[in-house]
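Just below sit the structures, each encoded as structure tokens.
The following pair of complexes shares a single chain, chain A, combined with chain B in the former and chain C in the latter.
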Partner chain A sequence: MPDAPEASIPAASQRGGYSAEARMDSPSAEAGVPAFRHSRLQRLADRWARLGFLACSLLVVGLIGGILFFLATRGLAAFLPLAGNTGRVLSFSEVFLSADWAPSSDRFGILPFIAGSLGVTGLALLIAAPAGVLTGVFIAKMAPAWMRNLMRQVMDLLVGIPSVVYGIFGLTVVLPLVSRTWLEDAPASGFAVSALILAVMIVPTIVSLSTDAFESLPSSLDEGAQALGSSRWQAIWRVLIPAARPRLLTATVLGLGRAIGEAMAVQMVIGNNPQWIALMRESTDRAPFLRALFTPAATLTTELVQELPNTAAGSTWNNVLFAMGLLLYLLTMVLILATRRLGRGREA
Partner chain B sequence: MNAAVPVFRRSRTSKAVDRLMRGVLWAIALLFVAVLILFVGAILKQGWPVLNLGFLTKMPETLDAGGGIKPQIFNSIYLVMLSLAISLPVGLGAGIYMAAYAGQGRALRFLRLCIETLAATPSIVLALFGMIVFVQAMGWSFSIRSGALTLALLNIPIITRVTEVSLLAVPQELREASYGLGATKLQTIFKVALPYAATGILTGLVLTAGRAFGESAILVFTAGTNASAQFPDFRLTVPGETLSVHLWYVTSDGTLPDAREIAAGTAAVMILVLLALNLLVRLVDRTIRRRTR
Partner chain C sequence: MKIRFLAQTILAGLLVAGAAQAQTVTVMGSTALGPIVKKAAEDYMKAHPGVQIAVSGGGSMTGLNQVTSGGCHIGISDVFATPDQEKAGVKNHNIVVQPFTLIAHPGVGVKSLSAQQAEQIFTGKVSNWQEVGGKNQKIVRVIRPESSGTRAVQKKTILHDQEFAKDVLIQDSTGAVVTSVATTPGAISFVELEHLEKNKARVAGIAYNGVACSNETVKSGKYPVFSYGHAYTNPAKLGDPKVKQAVEGFLAFILSHDFQQNVLKAGYLPVDYVKSLKTKL
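Then we have the complex of A and B:
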């Protein structure tokens, strides 16, 4: 074990090195050399501190496992006869493959929520991914300095706005507006408005990560393209975006993660109707897709917010809700591992 | 990238496309500026008629119109402070470990993976965890302590990341000079690296406070939707409804006749607080940069 302090200084500070002289006065320039005592006590403190820092890190690792464990004990209780479980044991297919959600009649198909989550997230990404990537390239490669600063501030503010405030904005401004202008005063809650709000919420994530991606490209790429006679847009479209693609995909995946996990804002505008699939099937509308956009629906997260407070711990209903939470958590893990895969592709 | 050299045609169409796409990119960017202005404008406009001293200093009503948000303001601040007090030591410790002790190998990569996973975990999932562990298993029910501990889970990954990044930005020369003077690693961290990184960490801390202040999903299921009738109530065992939870609860519950107005006023207060926090970060950042230049 290396006792000498210089053994394990991280070599990752290539970024540093600026204004070193300006900061050197902090240890005390005029007082001369500061006296560092090196008693046995201090060496002991050094060793114990290391253990303390390690413990903090291990706590984070433990949390990841702990969340998985506790969610699993409650979520898997829906499918396994675990101790303390008062609910009925369900089969996987009657939960994951059924669209029939009627807890009071003992039917627990969560397909409407899975489909709802995927639908609203997909729509939000359809707006946010292109808009976010293009804004990223705009900030990194086209905007003048003042505009770049303005955009950074705008994105900082957008990401800092709480989800309930997004929700109340959707509820009191967007929903009435859409219903008045396009739907002849019919209620507008559903996928369309939820996805629109979600898109604005996740765009800052995609913008900031794709700005980083474009800024970290070697400038020779851009210069080379222009030397070959490309226009600004040709360089962006045919050289910069393809070169940055792995990191742009990572940005999109992280945006997806934020969208699928968002609860409160969506809950306030989506209409909270677990029977939305049945409702759409019954309708004999000419344009089913457009109708679907304005059908009150529900997602995994909104259903949790809506129903968890009304259920008794250990009941079948409660267990299924925790299974939905477990599903969300597993999805997060898969998405994070997917970004790792994408990152590895970049290095290769 | 492909080895093939792209061929760029300069034609009238390509010039037209270039001009068009420049316009499109500017339009998208300006659209976001417009969305933000519209958003903040609408929230403030709706809330402005409600915002007065009475609204900020009265207790809330349960059935009648005209209630205030005094305890919610207190609970918001109290919960943010408590959660930061819990998460700061853990986040700092983990960040220091990652920057200074973990090396460059598999351990560091694994730790990063865990931090990223925790940061990406939806707050509703953290809420479920807090509900199982603190509310039910520990028997603390909906209370300030359940809320603060669960909220800390939201802060920890952000603080860890900020600490690590700020420490890695400390110039190598500074650390080497410190070691050269005979300092131990611990002394170097606490007397040289952390003071240098303090402003970055502080900025991150303010942003973390902002996120915790706006969080609602976690608190609905851990701190509850009731505020204590006493004021100020510092007890950790009572439910602590915050501003963001109050905003959501009055909107979705609908028993208050003036729920709309209270929600609008609360939203405006929250936006004002966040704007102030943002300004604070910017001012700190600017003064620091001027001083170091």
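Then we have the complex of A and C:
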């Protein structure tokens, strides 16, 4: 480290380090612009700043690693006889392949929650993905400029609404409305309303990202299609959407990630019944699919948010809940990796 | 003036130093019992400047776990200790009485249920209000999650330890339960009495065996559905005799006649109201 003398405060350090850069800059220095030089103080600050940034990034990595380690040890405690584990050691099949959830009676099948999470997320995507992508086309390719700006701002605002607000809205407005209008006062809690609320929550994400996707397409695609005589609809359907497809998939997967991890809003409207699969089996309804839409059900996140704070640490029940958390983490990881994959497909 | 100010400063400094040496008692657990215990702590600290009492939440189970392992001095809880925790030496003190009542959507057309009817509704043997003298309408059972203290009380008192029906709606908090019952035709649930009193305009109270839940009916022994708020200690983990003394003093204060009159304002009943009853809840 070529140390400059102690007295070399900025004005006096004309002959300090970094001489190569300084000499390259010297013509401009003569033209009255100060030369690009680092004082000893600045270099010291640089070094400390670098250490600071490094510490911050290590902290973040450490935190994420720590959470994963915590989740993994607590979650795997359900299946392995680890130290400090007071609960029963379970087999994978009685947890992942059983639909019978009755923790007080020592039965821990989490299939209803897995099926519930996948079901409600899938339904939400069925509603949100087409709506979001088509809105994206509209904003990027059809709307006049003032409307485009307005829509973008509205979408950004919608992303910021806390999920509990959606939940209260669902519980106090949507559920009674659906029940009164279509179900002859039978309760409306279940997949249908939860998926609807989730769809409303994730549409802004999908819209924002697909708008970006369409705006980033070269205008030559659109123009070329129209020059060849295609209608507006044909250009969108045959040219623009296929061209933007990798990024549209990324948008959808990000929406999916938000939907599968959502707990509060879903918890307030889904009915949280862990016995829903057994209930469906017993029912003799003629339209089982329609019935399933309005059967109170439960998901991984809703069960976690309801039971985790109230179960004794180290008990079998608590361990299985952590295993559910670990499963959710892994599902989200897979989704993120899938997003990366899809995103890379664009450049190829 | 200056001398007075100086004297005040020194006095304040001495007080702070004194507080730093004070016995600190930590209380953790039930968020439902938190406010009333906090009130007790404030009153107690006023009367005993040498004692600091810190009350924090975490939930009934956290309180029990922590007191068992020695992580806090007093664990407050809505539920009973598990046999394992009892074996570890955890000692129960009932500090308040919590009355519970059945509530329903105002349109169900039923004002009272017999104990048997209530049991059959929640176990699933009865599924239409018509079968218990009401409208021809499906019964929607709204209950709390499996780990909830309220649900444990309901299972013991109303269901006599039988399993709940499979066809249920589950809500996480009493507030959500009340909203759900108010907005779902045919809904029935089970909540603390104070939540019925706060929401009389939205939900209807249902009498149990012809007796409506109230402080008076609980006191007279006519109304049997209530639970205790518990404070647990683990005497083996209270090493320091001074801490032990402070803990015992605080618990005695909560159970004193004067403070027990205060719990009425918070929606609870004094423990001695029902001392004659031997229900284990």
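The criterion applied here is as follows: the second predicted complex is superposed on the first by the 310 of 348 C-alpha atoms of A that agree within 3 Å, B and C clash if a C-alpha of one lies under 4 Å from a C-alpha of the other, contacts with A are read in each partner's own complex, and residues count from 1 in each chain.
The rule we apply is simple: a contact is a pair of C-beta atoms (placed from the backbone, for glycine too) under 8 Å apart; a residue touches a chain by one contact, two chains touch by 3 or more.
Note that the structure is a prediction, hence the values are computed from the model and not measured.
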With everything superposed onto chain A, say whether chain B and chain C fit together or clash.
-> clash
First (chain B), second (chain C), both or neither touched by A:Ser104 | second
Could you say whether A:Ala278 touches chain B, chain C, both of them, or neither, answering first, second, both or neither?
-> second
Touching partner for A:Leu41 - first (chain B), second (chain C), both, neither = neither
Name the contact category of A:Pro296: first (chain B only), second (chain C only), both, or neither.
-> second
Which holds for A:Val305: it touches chain B only (first), chain C only (second), both, or neither?
-> both
First (chain B), second (chain C), both or neither touched by A:Leu328 | first
Is A:Thr172 touching the first partner chain B, the second partner chain C, both, or neither of them?
-> both
What is the contact status of A:Met268 with respect to chain B (first) and chain C (second): first, second, both, or neither?
-> both
Please tell me which partner, chain B or chain C, touches more residues of chain A.
-> B
Give one of first, second, both or neither to describe whether A:Ile260 is in contact with chain B, with chain C, with both, or with none.
-> first
Mind sorting out which residues of chain A both chain B and chain C touch, each in its own complex?
-> 171-172, 267-268, 305, 309, 313
Which part of chain A faces chain B closely enough to touch in the complex?
-> 5-6, 8-13, 15-20, 22-24, 26-27, 33-34, 36, 38, 42-43, 45-46, 49-50, 52-57, 59-61, 63-64, 66-67, 70-71, 73-74, 131, 134-135, 137-139, 142-143, 147, 150-151, 153-158, 160-165, 167-169, 171-173, 200, 203, 225, 228-234, 236-239, 242-243, 254, 257-258, 260-264, 267-268, 301, 304-305, 308-309, 313, 322, 325, 328-329, 332-333, 335-336, 339-340
Residue positions on chain C within touch of chain A in the complex are 58-62, 64-65, 82, 84, 137-138, 140, 145-149, 163, 166-172, 176, 179-180, 183-187
The residues of chain B that touch chain A in their complex are 1, 5-8, 10, 14-15, 17-18, 21-22, 24-26, 28-29, 32-33, 35-36, 39-40, 42-43, 46, 89-94, 96-104, 110-111, 113-118, 120-126, 128-129, 131-133, 136, 153, 156-157, 160, 168-179, 181-188, 191-192, 195-196, 207, 210-211, 213-217, 220-221, 244-245, 247-248, 251-252, 260, 263-264, 267, 270-271, 274-275, 277-278, 282, 292-293
Which of the residues in chain A come into contact with chain C in the complex?
-> 86, 102-105, 171-172, 175-176, 179, 185-187, 189, 267-268, 271-275, 278-279, 282, 296, 298, 305-307, 309-313, 317
